[in-house]
Structure formats: C-alpha cells, structure tokens
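What follows is a group of structures, each given as structure tokens.
Heads up, the next two complexes both have chain A, just with different partners, chain B and then chain C.
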Partner chain A sequence: MPVIHRAIPALRRLRLSNTAFQQQSRLQPRPAQVLRPASQIVQLRHQHNNTEKAEASTSAGGADHSPQEQPDRPQSKIKYTSESYPNLKRDSRFKEVTADDVKFFRGLLGEGSAVLDGVTQKTGEEDFEAYNADWMRKYRGQCRLVLKPETTEHVSKILKYCNDNLLAVTPQGGNTGLVGGSVPVFDEIVLSLSKLNTVRSFDDVSGVLVADAGVILQQADDYVAQHNHIFPLDLGAKGTCQIGANVATNAGGLRLLRYGSMHGNILGLEVVLPDGTVMDDLGTLRKNNTGYDLKQLFIGAEGTIGVITAISILCPQRSPAVNVAYFGLESYEKVQEAFKEAKKQLSEILSAFELMDHQSQDLYRQASGAKLPLENDYPFYCLIETSGSNTDHDSEKLNNFLEHVMGEEIVQDGVVAQDETQLQSLWACREGISEAGQHFGGVYKYDLSIPLGQLYDLVIETRERFQKNGLMGDSDDFPVKEVIGYGHMGDSNLHLNVATRRYDKEVEKAIEPWVYEWVSKRNGSISAEHGLGLAKKEFIGYSRSETMIALMKGVKGLYDPNGIMNPYKYI
Partner chain B sequence: MPVIHRAIPALRRLRLSNTAFQQQSRLQPRPAQVLRPASQIVQLRHQHNNTEKAEASTSAGGADHSPQEQPDRPQSKIKYTSESYPNLKRDSRFKEVTADDVKFFRGLLGEGSAVLDGVTQKTGEEDFEAYNADWMRKYRGQCRLVLKPETTEHVSKILKYCNDNLLAVTPQGGNTGLVGGSVPVFDEIVLSLSKLNTVRSFDDVSGVLVADAGVILQQADDYVAQHNHIFPLDLGAKGTCQIGANVATNAGGLRLLRYGSMHGNILGLEVVLPDGTVMDDLGTLRKNNTGYDLKQLFIGAEGTIGVITAISILCPQRSPAVNVAYFGLESYEKVQEAFKEAKKQLSEILSAFELMDHQSQDLYRQASGAKLPLENDYPFYCLIETSGSNTDHDSEKLNNFLEHVMGEEIVQDGVVAQDETQLQSLWACREGISEAGQHFGGVYKYDLSIPLGQLYDLVIETRERFQKNGLMGDSDDFPVKEVIGYGHMGDSNLHLNVATRRYDKEVEKAIEPWVYEWVSKRNGSISAEHGLGLAKKEFIGYSRSETMIALMKGVKGLYDPNGIMNPYKYI
Partner chain C sequence: MSKLRILVPVKRVIDYAVKPRVNKAQTAVETNGVKHSMNPFDELSIEEAVRLRERKKQPVEDILAFSAGPAKSQDILRTAMAMGADRGIHVVEEKTELEPLSVAKLLQKVAEQEKSNLIILGKQSIDDDANQTGQMLAGLLNWPQATQASKVEIENDECTVTREVDGGVETLKAKLPMIITTDLRLNEPRYASLPNIMKAKKKPLEKKTLADFGVSSEKRLKTLKVEEPAARQGGGKVDDVDGMIGKLKELGAI
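For the complex of A and B:
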C-alpha cells in the first residue's frame, strides 16, 4: 500500500506517494502546492531540452544508422555527406561559384562580415565548419561562400542572381535541424538569415508579433513575455534556432497540444521566391478570405521553394500558473482512458500529456541513478502539465482529476510537484530518457506519428521481434539491451528507441524498413515533426502516395523551376 | 447610480444592474448563476444566427448595392446574374451540355435522383431554382444539369469527363454562401455534394472526426457532441451548410477566437482535382512533416481548383459551462483595455468578445422594442462569453474580471446572465443588430478585417462623411438614418452598416470604393470571412497586391489549366 501524500489535504484519501520525492529532492513537505510563473518553467524546460534535442538527433534515419557517438568521446572529423551518401552526385547543371559572382555579392552586401568568401580568399575549412556541418556531426557540405543579407531586398537580389546564373542555394537559420536540411550537400551557397533579426512590431491587444526570420526563438519569446504573451512554440534548440526556420520546418515542439500548429498561428509571411519575387503576404489579420492562402505552402517547405524573410504570428496570453503531475498505470488502455479524462476534466488548462513505458523509466533509473517518483513499478507512466490563469483553480482541477482517475482505478498511483525542484525532477523522468537510451552503447531512434489507439502496439511488436530473433537479452551476448517507447501522447507522437550495447548490422536489418512499413500500414507518419531534409527524403513513400508526391513536385516546379533551392533534399 | 445586482453575492459591491433584465425576461432573481451545458447554447445561438445570416447577406458587395428586399415583402423573380452583371460573358470555350453528356452521367450515377436533367427532359425552371439561385435571392444561374455523386469515385469520373470535354462545373454544398460562390453564373453543371454524407469515423481519444464533405454542420456537431466533443466551427447556417463547403470557404464563425481557424484544425482532406485525380491527404495525425502541406491550398479556395470530398478535423472537448456578460464602456480605448484584460484574466476560458457601438444598440432598441440590459447609455458595449470545464471556476474568474475592470473604471456598468433566458437576451442585443439595420429601409453592409487599434476609426470616419455631405440626418429628408459599427472584436472583424431609409445612388457613391481604399491603406481585408465568390472578385486588388494575385493565378493554372472549376469567380 503506497504511502499517503501528506502535503496536500485534498489528496489525503488518495494513494499518492511523495516519499520518493522527499528523498530525491531533500525537501521538507510544504503546506500547499507551489505553482510557478510560466516564464520560469520555460527556462527550466529549456535546460531539459538539451537532452530532448540529443534524443532527436539520431531519429533522422538516412544512410548512417550506426549508434551515435557519445558527446564525451573524442570527436573525429565529420564525414562529407557526399561520402556518407555515395549515390548522391552533384547536379552538373549548377554553376560553380566564380570570382565574378563573389564580386556581385560583395557589391550588394559590402566588404564587411556579410560575405564569407572561400572562393577568392584564402580561408581554412574550419571557417566554414559552422555553416557546412550540422550540430549532430552527421552531415557536412562543401560550401565556400556564405551570404548574410541584412534586408529582404538583399535576399531578393541574391536569389534572382542565383536563379539567373543557376547557382544552388541552401537557406540556413540557426542550423539546429535534425535531418540535414539546413546544411549544403555539395558547394551550394549558404544563405544565412542571421542578420535579418529585428522585431518589427508587437500589438499587445491582438497579440500579433511581426518579426524578421532571423530572430532567435528565445529572443522572440522573451520579447512577447514582457507583454505577458507567449510565443506559441517551445523547443529544445530555443536559444539558437530562428523563428523563420521554425516556420520553414513547421516545428512542433512542446506547446502544440495547447496552442496548435504553425498553420493556425501564422497570420502572415514575407517570402522571397527563387526568381527574386517578394511575396508580400505579411498580414496581421486573423481573418482574411481573399484568395488562396499561399503562405501555408511555405510552412514546412524546408526552404525548397523560397526563403521566408519575416513572419507574423499570433501569440497567446502567457499562463501565470503551471502544475505537473506524474502517475503510474496498469495498461496502455488505462493510459488512453487517463488521456480522455484529462482532456475532459483539465480541458482548457492541459498543456502536456506525456507517455513513458516502464522500460523507459527503468532505463532512466539505471542510467541516471535517480530514484523514480513512485515506490512501486507500473507498466506505464504519464506526466501531465497544466497551464492556466488561476493557480487555485488549476490545482483544484488537477486534484479533482487525480481523485477521479485514482478512484476509478484508471491510475494506480501518482504525485504532484510541490515546488520548482520537484517539478524539475518529474520532467527529468520524461526528458532524461533520451540520454538514458544512449548510456549503454548506442540507440536507434524513430520519431513517428501513429493513430493513438495503435501507438503502443509498435513498441510491443518491436520488442517481440527482437526477442524472437535472439538479438535482445539481459547479458552482454545480446546487442539489443531494451526497446523503449515514450513521447507526446497528446500529439500521437511516439519516440521508439532501440537501446543497444554495440553496433550490429543485424539490428538495423531487423528493424528497417519494417518499422516504416508498419507505420505506413496504419496511415502514420515517418516524420512527425522533424521534417524530411536529406535524411528522410528516400522514405517519404512510406507516408505519402505517389499521387501526393507527384502533386508536391508540381508545386516545386511551379516556384523553383530551376531547382536551385536546397537541392538534393525533401522530395 | 445603477442598481446593485442582488443575485450574485460576489458582485454586490459592483455597479451591476439586472433590473432591465428582470423586466425584460420576467424572471425572479435566482440565488446563484445558472450555467448551462454548451449543447444548449448552440441550439440557442443557432436560432439567433438566422439573423446573423441575414446580416451577412448584403455585405457581399458586387454590382447590386441597392438596399436589400425585406423578407416579408412579396418576392419578385430573381434577376439572372448575367443581367445584373452585364459585363460578364459566357466563356465560349466551354461546351454546352448535350444529350450524350447526360447519357454518360446517367450511366455513371444511375436513373434515380442523382441526376436532375433539364437538357433531355422537360423540366420547369423552378425545378432548378434551388441550385441556380442563392438564398439571398441576389444571384441566379442558368444550369440545366445537376449531378449528385454518391462516392468519391463518382466525383472523380465526373470531373475527368468534364475536364476532357470542357464542361464547366460549379461545386455546391448547402448553398448558404454570401458572395454568390456556390451557384452557377451561366450553364455550368452543378455538382452537389449532398449525397456524400456519411461520418466515416470518430476517435473519442484523439477527438479526430473523419466525414464526407456533404455532412451537414449541425449533424457533424451533434455526432461529436454524443462523445462530449465540439465541432470547432459554429455558424448561423449550421442546419443547412455542409462541412466540406465550410472548409472550401474557410468559414470563420463564432468559435474562431477560442478554437482557431480551419488551417489549424483540419488534419486531412480528400480532394478530387479537375482532371479526376484523387488527392488522398485524409490523414488523422496532428503531426506529419513529410512534404508540402497541399491540403492547405484547398481551404478557402471556394471550389476553384478541386472538389473536397471528405475532411479530417480535430474536435476539442466540449465545455460543460457557459457564461455571458454584457457591459457599457466610455470609449473605444476602454474597449481595447477591456479586451486586453479579458484575454489576461479569462485567458483559457474566453470564447467570445463582441463589440457593439451605442448607435447599433439604439437601433436595435428602436427596431425590436426590447429594453437594453443597462439603465444608462454608453458610447460602447461589449458582450463576453466564457466556456470552460468547471462552472464555479468560470464564474469566479468572470466575477474577478468584472470587479477589476469596474474598479479600474475600464467598464462603467455591466450584467451577467443568470439563466438561459437572460443569456439569450444578452446575445440578442448583439445578434439582433443585423435585422435592426434593415428595419427602417435598407442597409449597406461591409464585413471587414481591420487592425484592432484602428478598427473603430472607420465607423467614425464613415459617419463624418455622411454628416458632411448632408446625406445623414434625423428626419425623413435624409436617406441615411445611421452608421453603426459592431462585430467580432476578438477576431478584429468589423461589421460596418449604413442603415438607410430608401435607396439613393448618392449613398453608394459616397461610400464606395472609399471604404475599400480605407481598409486597403490599413492592410485590412475587404472580406474577413465570407470569401470572394462572384461578389468580391473585382475588389480583391484592395486586399492583395498584384504580385499575390499573379501567384494565385499560378496555382489556379497548375490545378485547373482548363479553368472549368467554378468559373467567372474568385480571382
């Protein structure tokens, strides 16, 4: 029988335990739940998300599926993408950059730092490393010219010149992408948006922010936070990634369950098309039914049909109160019931509903040495976050919800964070899984969307697969240590991880392309939120029909007939 | 000093008055606020919205701006659109429907009611009236063939045949549009979606509904209501309009402030392109970053590039509690402050924030004979609705909000509905304005999006314009009785109405195209939610640049190179 939770009177009758908490965080019980301003949780979560970022790093499929290098190992030189993908050949239609081209760009952008020139100047490869290589150290291009326009007009003139002269271009934001989309493959010119970084306007009545594409996400959120608003997107790479590129990759992130997708929140875009045309669709209106909503095409187009130079986005009111609860459940059916109840009872304040299976939590415990929040083991765990405008109301709703789900035996046991430290510990149980997976060797990671009812079946079947083929076991004889499943339940977004002890080609063979076929049969998505880039280009057929791909190619042909924009990638 | 509101203890100290209410609704004061299930409010609002629907009817611009006929006058025959728009000529490229064509369609759809044939059969014009004429009695086409496919395959075969034979097609849903988009202009074949009306699936865990395009909006909402969900769109025409056409027209409606636009809520579409290709993008996933999001193009395309045959839409949890408050304010600046405070304090439960000026309420009072809720007059009034999961919490939030805005003198006076009847009376003050405008003669109506800070300036300037040119006054000598402003403050959506005593060409001259120029200068939209159709086709230049229009024409050319889809309209 679990220990009664003594700190929260409303929960006395429940089998809530926070002894694990007390030991873990060495805190005295407090008389009531302490809820914190949302601005703090963002900071906190941001730290967590450095691991979330790492988590996503190897989900990118592609040619190299060997277990990832550990960050603390000495780093070898990154292979050129052209070596990792030997089938990729440079498109001979594209012109190589010449001294004349550099002269044109210098004339446009000046002699300062806006042009990084390795064509006519003696520069080392290392000067281009930040633009050629991705942060996962998985992709490496061979660009020798980086342009950093300061105005939309610059972008227009650059693209027109490149289009007229068949110079290939890779637009680049913060270069925090996970699928190799933001770095060149061969000698494409890198068009960095970093100098286009001004907030143009914010209307604190409507909540509409208009800002240049190169504004850092964290800065955009800090800006609207001063006016008690929140940028409707939150990501691990927040301190580096740029809002224009967030839109270009249709970033999902942590706030999607609550605030919805970019397609709903983006009110306007300014986009430069490959021929230099400036698409002036930077409205600030919530309603505007005057013709095709063209801007939508550029959301998630990964820079393949134009360059987003500015965005207009609807920012919601910032929630002053945040609560987090963690609980154990007996089955995936109970998880679904709990999710239904949470949607019903927490409705307008529910901001996260995260799923973690027993295996993922056990791996986290083993790897981190942390004690788990609950005393007993359960097949499944969930983490719930609420964000609302009234602390007392939110606590009451959450307590009522917990009483109900425990009374109905949907949930077996649970805890509610009572201060910042506990809240951090609970989120760590979810966000520490990624690192835990890599702790014992390497990990194969898949970022998938699957209809909710079938979401966990994939984890069970993957596990059975490795049990049957003799690749998984407790001793070091087996390459696979564990198969774990976790993710954003609220978005039907599963992270399937196969934690391995060492690289073994048989493991890869056993899971691919089987996993993509499995997802395809259930009308799922092989890339929930990370996009296609270079890594998943070849797998799009598992998520899209030939008809859809042909129609997509029609759009590419319409806007980029010369194919100069971010070539070799996407579709 | 207004009377103290005695029924709500929390409001005792406020200058709230509900005496008007008591007289109006003849109710005894009740001990506490009675909040109602959302399902009831929908029914209620639906009744109201028959007037909202009427309100929108003449906002459609176009060639005929004469004051609308009153519904109770004997109805004359509706003019053919070709007579009202003499500049429109039938495109001679389009083939006329022949007996052979009818034979093909009969072979495909059978001998039953799926083909309404006036080509080879002797039928009266009245048999086609429901398909040729819009419900506003403003547009009338000359179609002699109506097809009612029962499957997506039917639609595909019909469109392929029409495309191959250059037969023009007008897709038609419930034919409740406001801009003449859903009726033919000449002899276009009407493709009715009414027999494609099955709910395909509903997942009550994820809240995703998949349904045929021809399902009636009310039926869709009733269906998900059984599972405690809500269709994220609510409209006056709910009992007649179809969900596929709602998507095709990017309908806004009453729930936009809370649940966002179609672009965020639509998860998938099945669309038949003019060449018969079925675009199978009917996913149910919240996250799917695998290529261009093509379905977005068809949201708001008004049937000009394809026919939506099925939709997949995310339905939120239904709110069990609904509250309504009505208050008076001294200036538009105070209205903006109140809106900011409502967003801040009511945040996650705010579901409507409606603006009404003094003139609109006075006109409503004169026309309806109803007593207004507040004793004193104020330059502005607002109606606030909250929807949430917890009745007590919502009431407390609303009361706290009202205490604050009255304490700070942002709001001068206010009432909160205590039962269904009072709630209905409050909504009537907002929704009765439309009918009131027409009560004294006719009305010119404009449905506009304007940045919030400048939204009311247009009403003031329009009023000044009519005062200066001597067209507006209290006696019958003046054609203009009043200029009123009201609308969806939460969506920056203004309804500007000029209530007239009689038709006078000078009135029209004084306001057009001045009003469109005014909106254009402020980057507003000449059509917030009603679309372009035939009525606003010629005015799109006031809301979109030549570049944007050229790009839109590129999309039209890509999907409908023969131009057979809904010709003569849109862009």
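For the complex of A and C:
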C-alpha cells in the first residue's frame, strides 16, 4: 500500500499528459478515492478487498481459495437492527406489503427501475443491501420494497396510499447518515428520493437555488459554482448525500462557522405530508413575517412528519481566494488561544477552524497510508481555512496571523498549502478521519456540543475509562483500538469516536449513557449535527426537557397521526 | 570533489487543478483572476535539489531559484525558498511570454555568471507543454543532459540518472556539469512549513531585467488561434437491462 499512496500526488497530476505513466496507473487501485472518503466508502472498501485478494493469491501461489472465503461482501455480516436492538418490536398496526400494494405502486411508477420489488419477485437480498444497511455497517433493516418516485405528485400519491393502508415508510436520501435514521428498522418501505434530481432554477443576482431534494450535494455545489456561488453546506459525504436529506437532518458540516445553519439559509421548502397533501412553501424571499414559519419544523425532522421534495436555498458568493493552513500545537489551551487569535486577526475571512487530536491523525495515517503534513508529532492539530474576495488582502492577513501565532509560540509548527493539490491533501487530513475511525472494524460515534473550555476533557476521560476497564489495547484481543477526538472547533462541536475492531455491546455499555450524562451536566447537546435517528432516540432526555419532548410529540401526532413516517426513531 | 551549485528555474503557471478557459478573442488562455501556482514539475526540481543537500553525499553550496515573468512570479520564488532554495533571481518581464529559446539563453547566462554546475529543470511547464528548455540549454552550454529523471544520484562529481522509458527503465551516467529534467515519479514535494515560510522572507531575492543578461524577448512564433477541444458527447443512462439491450440494438452493436 505505501507505494500506492506515495504515488497519489503524482497520480493526481495525470492530466499532465504523460501517457506512459497513465498506462501504469491503471494497474493501481484508484487512489483519488482516498481524498473523498466518506462519500466513496463503498468503493474504497472494495478497493481494500481487492488488494487483500491480490496479496492472498500471490503469496499462496495458487493455493485453493474458494471465492466464498474472501471477504467479498462484508456488508452481509451486518446484524439486523432487530437483533441488535431486541427491545424494538415491529408495530403490529402496520400492514405488511402485499402483491396488491406492489401492483398499485407499479401502476403509479411504471414497470421500470422505479420499483425495486422483493415481495412479488425473487429479487435477492443483496439488491436491497444498499437501502437496508447504513454505511457504518451498524444498522440493517429488512425492507423488501424500494420506491423511487420521479415527481412530487408521485411522492404525494405514494404517501397517501401508505397512510390510507397503514404502510410504514422510511424516506431515504444518499444514506450517509450516522445515527441509523435513513435505513428501515423492520420492513418499512424505502422511499428513495434519488430520481427527484433536477435543479429547478438559480438566480445569480439573489443567489437563490431551487432544486429537487434528490440532487447530490456535490452536484448542487458544482452547479452554483458555474455561477461563482457556493452551496452553504459542505461535508465529507458530499459526493453521495442529497440536499433534501441534508435539510431533513439539518446537517451542519465544515463551513457552518462561516455560512450558518440550514435554519437560516433555507428560504422555502416543498414538503409532502403523510396524507399526501403537498405543502408548497418554495418561496425565494428572505423576509416573510406572515404567520408560523412552518418550514422550520421540517428542517431536522428526519422525515418523521413529511417528505421534503424540493428546497429553496440562499447561496453566498463563492470566494475566489481560499487559503488553508495546518498547525501542530502542544496543548488544548494553545488550540483555544489559536482560535481566539484566528477570530481576532482573520475575522471575516475565517471560514473553517477544525480541531484534530494526535490520535485521530495517527489513525488517519494508518487507515489511508497517507503521509502527514508535519514532520514531528504534536498532541493537537488544527486546520484553518480562509475565504475572501481578494488574494492579496487575504494573504497579508494570513501572513500576519501566521507570524503572530508562530512568534508567540501558540503553534509549534505548521504548513500552508501552496497550491490546490496541497490544499486538498490538507483537507483530506480532516475529512478522512471519519472513515479512518471505522476502517479497522467499527466505530461508536458521538457528535456533541460542549462548551469550548471543557470540550476536550471528555476525550481524555473517555480514553482513561477504556484504559481502566481493559477494553482498549494494541492487539486483537481488545475490542477498542483508539479513542479519538476531532471536530468543528468553531462551532463548539466535538466528534468523539471510539474506533473498534468489532462491534461489542461491552464497549457500548462502558460509554453509554455515561457520555450523555457527562454532556448533560455541562449543558451540552448529545447530538450537535448528526440528529437523533435510532442511535440517539432514547437519549433525547439528556438534552431536552420533558415539556419540550411532549410538545414535539404533539407536533408528530398532528402531522402524522398514523405514525407511518420513519417509525421507531427520533422521539 | 566539487561543491554543487544548483540552479533551479521555476515558472508561475495556472494551478494544475484549475480548468483553463480560452479568452473571448481566442488568442490565449484566460489568466486574469485565475489561481496560479508553481509549475508542478518545477516543484519536483526544487525538492530534488533540497534532497541532494539533505543526502550529504556531495556537498551542496548553493541552491538558486530563478524565474522570469511578471511581478507575481516573486510568490513562486518565495515558495521555492520556503521549500529550501537559498536565494532567488527574478527577471521581471510583464509583457511578453518568453519562448523556450529565450529562457534557455537567459539560463545560459545565469549559469555562467553564477558558476552553476548542476541545473535541474521541470521537463516541461504545464501551460505551454513545450518540453524544450532543458534540451536547448544543454545545447547552448554544451553540457550532458538527462531528461525525465525518475531517480537522481550524485557522488564524486558523477550523476546517475534513472529515466522511465516504454516498458522499463534506462540508467544514464555523466560527469558534472549536467542538465537534468524532472518527471513525476522523482519525488513527492514537501509542504512549505511555517518557520521556513518566515525564513524565506528574509532570503535574498534579486530583481533583474532581460537587458541585464543581454537577451531579447523577441518572438519567433506567432499564435494564430487558441481553441477549446470539442465538447465531449455525453453518455446516456438506461434504466434497466432491457433498456440497455434496446439501446445496443439501436446502435447495431448486437
């Protein structure tokens, strides 16, 4: 593997017309994938398997390896959610999908690929894997029917039918969620928005983009980029996740610091309610103080009260001048100081301030084989991005800032990207962590809002906990490989990941609900940007009062009286 | 054993990751407001020079980064110095894009003045893709040359250069002074670290003009027209197997 990774920068320059080199590159797995980890996780996993296979067959010298022995389909080993959560029982009110139902949906959506049917046809379970299993390989539903509507009207008719017949529905976007919210628990029908994928309009004066829910985030961003605008959301899974689902889960991501949350940027939504009613609030106005702002309810509702079919979103001007720097620091105190200085000196051009601890970078290095930017190791790293309209102005500010933090010894060492390639490799050090966390088997992810001063204490205490209880160690005997902390410093948002070699209830018991109690005591949030889904459902009480939860249940009951929308999750 | 005095020419070009666009008049590629960086092959040259010093097999006395072009080329020279070059010379030329022969003549003069005994150049710059300067320079100086190097070793004034050729590698040997041009596999350029960026600001950077070297910017070639390649015909998506078979039949493929 190292050889391949050493060739990455070179491979990325393939366009430099070296044909001999291109030929050779075909022999290598496609390393560009390393750079967009979360989004391409499936291919990447596949790539690793290929490598393992190649090695096995060469070293064994033609020894008999039947294909079944190869870890070709690791997904099939994922336990059913119903097995890993034995307390969850299928709600008997819900009807099971019958041939008549399938006939109705076929009549509506046609005989083509818009209906994936395992009820009346012998469609293999593996065809449903992509819809049933989440990418953390932690949850797995048992759905046997996937519907892919192409119009809002389709969605409306589907939901009305399901509501009338008490068929449970799980709306699904790119299925990159981290809390098991996007996959069915039992046999819920998966309503995939992937075919609702047209950009409806873009106004380059106001910057308002109106697009279908199933447009992939990267495509939406590429689209507005042609008009020198930027989609106000960016996250590691951008090549796969869909913008409607991003809104439905109120995704935060890497640039929230600069552009704010979905609640501020969404100007309008088109939503289909469970009874088939289309709520057309697809406005493009920034100001509209007339009555309850209902669209806000659907932002972060995780498909429990309706299905978002289109969004209208305000896109800011794209900054032509982007700089990225990566620092090594000796303590968490210094990280906070650096953040203060960055806000002070870079102010309006600061667009990201990300924290990574040494363990997270080391894990990324192990998982990807990439070389880290700094020569020496430091306990903490941070990544700073500036975006502005004038390169000279930004460089001057950035240079002053760099001189200051180096001179005052706030940072120990650092690098600044000199070109686009380096810029992307520096970002990969941050974006690649999420995938690295689960590279060695599994991962327990905690996405927490904690007051900045205490943010990193939790990682230290968690690590101590696992050292004491003997679950963490260097060999395969220990389920826990490493405890890592990273996240969006600028938003007081910590990602605490317990990287494991396998999923183990002992690990979960050791950390839950302890971690939620810890966060609750400090008035933090148990889910900063990942949402509730199935994983955090029962812990909502740590972050919301009983009154709040009762009000939320009231909303759910009002919009979805039959409870068919994304059941067993959320609240 | 002589001490190495390495000359490394670097060029400021449109960042390789940026998609170049042809200007409206179709006379050139649009450069206004487009991100520029060091030519990637030149990054390899600087990196190799610095590594030769770090390997300590033959002492390196001086690494001189050289660039000819508009005032902004200074940024590239500072980057080169942040990566490890000792000093820089900048020939300021705002108006004309120099042709490889003019650049080679400039470099010949610089090499003579600076008593360089090793010149490492990128095999080509990614804007004009000429792949000529190194070779012309070798001719002008009458030095041995090894192009498209994927490995360089220097010991006792003797350079061993490995080049990748069709279906294998070729190894060349020559005595200093020597011209080497770099290829992608040679090394992986380092990041410019903060302390080195600071230091680079204090390293000497001389400004010169073409006249100082007695070289003219006269062009031998005239660009008639610059055009984008024809747009690729997009592929189509089929819904299912039947759709695919239908399409294939339509095309007469089956």
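Here is the rule we use: the second predicted complex is superposed on the first by the 374 of 571 C-alpha atoms of A that agree within 3 Å, B and C clash if a C-alpha of one lies under 4 Å from a C-alpha of the other, contacts with A are read in each partner's own complex, and residues count from 1 in each chain.
One rule holds for everything that comes next: a residue touches a chain if its C-beta (ideal position, glycine included) is under 8 Å from a C-beta of that chain, and two chains touch if they have at least 3 such contacts.
What you see is a predicted model; the values in this text were computed from it and never measured.
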First (chain B), second (chain C), both or neither touched by A:Gln218: neither
First (chain B), second (chain C), both or neither touched by A:Ser545: first
Chain B versus chain C as contact partner of A:Lys371, first or second or both or neither: second
First, second, both or neither for A:Leu256, with chain B first and chain C second: first
When both partners are placed on the shared chain, which of chain B and chain C touches more of chain A: B
Contacts of A:Glu420 with chain B and chain C, given as first, second, both or neither: second
On chain A, the residue positions that both chain B and chain C contact, one per complex: none
Complex interface listing, chain C residues touching chain A: 15-18, 33, 35, 37-38, 40-41, 79, 82, 126, 129, 164-166, 183-185, 188-189, 191-195, 197-198, 239-240, 243
Chain A residues touching chain C - in the complex, by the definition given at the top: 6-7, 9-10, 13, 15-18, 20-21, 112-113, 320, 325-327, 371, 373-375, 402-403, 406, 411, 413-422, 424
Partner chain A, residues of chain B touching it in the complex: 203-207, 228, 249-250, 252, 256, 260-261, 263-265, 277-281, 283-294, 296-297, 299-301, 305, 316-317, 319, 336, 339-340, 343-349, 388-390, 393, 396-397, 449, 451-453, 491-493, 523-532, 536, 540, 543-545, 547-549, 551-552, 554-556, 558, 570-571
